[in-house]
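This report concerns only the one structure given below.
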Amino acid sequence: MINVKNVSKSFTLHNQGSAVIPVMDGASLQVSPGECVALTGASGAGKSTLMRVIYGNYLAASGQVVVGDLDVARAEPREIIALRRDTLGYVSQFLRVVPRVPTLDVVAEPLLAVGHDRQAAMDKAADILERLNIPERLWSLSPTTFSGGEQQRVNIARGFVHHYPAMLLDEPTASLDARNRETVLSLIEEAKQRGAAIVGIFHDAEARERVSDREVDVSQFTPGLAA
Amino acid sequence: MNEYNFAYLDEQTKRMIRRAILKGLAIPGYQVPFASREMPMPYGWGTGGVQVSAATLTPDDTFKVIDQGADDTTNAVSIRKFFEKTAGVETTEETYRATVIQTRHRIPEAKLRDDQILVYQVPIPEPLRFLEPRETETRKMHSLEEYGLIHVKLYEDISQHGAIATSYAYPVKVSDRYVMDPSPIPKFDNPKLEMDAIQLFGAGREQRIYAVPPHTKVVSLDFEDYPFEASKANHACDLCGAEDSYLDEVIMDDAGNRMFVCSDTDYCRSRRAAGHVGRLAEENAA
Amino acid sequence: MTPLLQVKGIDKHYGARIGCMDVSFDLYPGEVMGIVGESGSGKSTLLNCMAGHLIPDAGQVIFDTRAEGPVDTVTMSEPERRMLSRTDWAFVHQHARDGLRMSVSAGGNIGERLMAVGDRHYGDIRDKAIDWLGRVEIDVTRVDDRPMAFSGGMQQRLQIARNLVTGPRLVFMDEPTGGLDVSVQARLLDLLRGLVREMGLSAIIVTHDLAVVRLLADRLMVMKDGHVVETGLTDQVLDDPQHAYTQLLVSSVLQV
């Protein structure tokens, strides 16, 4: 489902003497449907970078990044948009939304985007917010005013409300209490059961061991760090 | 005759105006620019109509001038005298006798014939002007037949007043093509714009001439659910009893007594001469 | 899929000065594209060339018309182009007063495009105007008020309603949130996002505000000195800019 082949990535800082910073080289990764792969490696090794390359957020310098049947490294913007809408979900560490939009709408949006009718989308959004223990009185407010933990849960709700066949999870259990952490882990397990291919970053070792099927150390892709 | 050239204007100018008139007749409702001359009267007193009349009159014509239907207002009298002096044409107050009738803000009640010419004085010839101040843009709208804007005005009328409150200078579409301002005639007169006589419109200050040839289709614009109505005061003339003519309301005294009289003075006079009597006719005579 | 708009090799000079040079791209149905760059980068020139307000010196602006399929709007007749601009196209000006008739009521402003395409039923026109006031979140009791009496944000929303009432397929926007308070901007952006999705609109948004394009645009075109220096997926261009100028642009934004 997710097939990364020999990807390299470097940043060229044109405004700082055109310094070229290689950050990834020879990265390869395959994730099958129903499988969860955890990325490991020290901070700065390139876990998030690899994830962003898969999401199309960073431009791969070379190599292939195939998700479904689309090579993200070479796709047109509209193809990537369609991929993100239908196939590839991403739960980042930060919630980025239009201010003022009510939480319920924020969470329902991925469903509306794939053509669910409004009522059905709202119902599903309500279900998942309830599961994640966001009090109903907050649903009509914009999440921009919420606490960090609440924002994180809204972000997770938004990421899991539509059943993406492929998912990228960046620290999904960070800053959550035990009860919500448990909910998120079961959401991940459910996603795996329905066949989602998942790439995750989990600092929480216990969580990582519970949901991931194998680990890939990205340090091996880091230029200058590779063993 | 006298020291004036016939009908005041020189022959070259009259030829120029006649060319504009002919072009106007050839393209009904289209505003033809012309080189308006200074006339010995102020703008707003009918300089456009006077120039058209001057270019139209022949020594054999009989000339009549009405101002809001009346032959005896200052404006009507002075224009009539102007042509008596400069053209030496016969003048009349009787509609049926006139061959050229210059008018300000009315169409005579009597049906006009195909040997008559009606000349309108026009203050603002551009019907789109109030919403679109740019002449370049209104000309383009006319040429491309983009007339949505004129309905915006009618929409505004209904939304503000509950009905189309435009009661004069009511816009019309001529011969299924040009939207035209019929000059500030009451909308009661709009149905009469389809007539046997030639209608010429002259705007002196704005330097435009336009025309409606005889038997031309003239449609007053409206909405399907707010159709055009040619309205008038719901009265009969208090002098001649006419129920089909456009009426002026006259305040009689400080007590609020009013009377309604025909705005077309010739029409009223000829009806009374024929024996028709209105509600206040005897008192007036007394 | 046929692109809704194909821009090919657009050049525009102002005398010896470059307005924009050799701009080409395809816009597909439902896509929202942002054009960013500093003042004088040629983005407004480009927008006006595409919208038919300026005649480019060279190039084609091919629009997929409903009736005849793809047609070059640069060479089409003026009546056709003007018809397009009040049916399938919409143009949202930065200053609402450039796009509104200030002496006409809100209802009349919205109704104008309907009347321009031949709608002649007052009741229907008014119903649609009221419906649209609601959709752009203006109190429907203001339908007979003139925009003069509206706040800047309301005027801008009215301008959007006036433009979208005929169900256009392509909307050109020139700094649609410029000059508005930040809180009003957010509300407008949210509204635009919703309308774009509901109506399946394609849009081209010119702005110098990177936050606006991040929220509204699927993809981005970065212009400098009349040339396109970078294009791509919006978040990719903003988070991983490749060109020196884009890097400078992105790094110049204050973080809040």
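Quick notes on this structure:
Going by the order they are written in, the chains are A, B and C; count residues from 1 in each one.
Here is the rule we use: contacts are C-beta pairs under 8 Å (C-beta built on N, C-alpha and C of every residue); 3 or more make two chains touch, one makes a residue touch a chain.
Predicted model, so just to flag it, every value in this text is computed and none were measured.
Distance from the centre of subunit C peaks at B, each centre being the average of the chain's Cα atoms.
Here C is the chain whose Cα centre lies closest to the centre of all protein Cα atoms.
Rounded to whole angstrom units, the spacing between the C-alpha centres of subunit A and subunit C is 32.
Separating the CA-averaged centres of subunit B and subunit C is a span of 46 Å. Averaging Cα coordinates per chain places subunit A and subunit B 76 Å apart.
Multi-chain contact residues of subunit C (touching two or more other chains): none found. The touching residues of subunit B, when paired with subunit C in their complex, are 131, 144, 146, 148-149, 151-152, 155-156, 158-160, 223-226.
Of all residues in subunit A, those touching subunit C in their complex are 11-15, 52, 56-59, 77-78, 80-81, 96, 98-101, 112-113. Remark: subunit C residues 28, 31, 183, 186-187, 189-190, 193, 197, 214-215, 218-219, 232-236, 239-240, 242-244, 247-248, 251 touch subunit A in the complex.
By the touch criterion given at the top, residues 78-79, 82, 86, 101, 103-105, 107-108, 111-117, 120-123, 125-126, 143-144 of subunit C touch subunit B in their complex.
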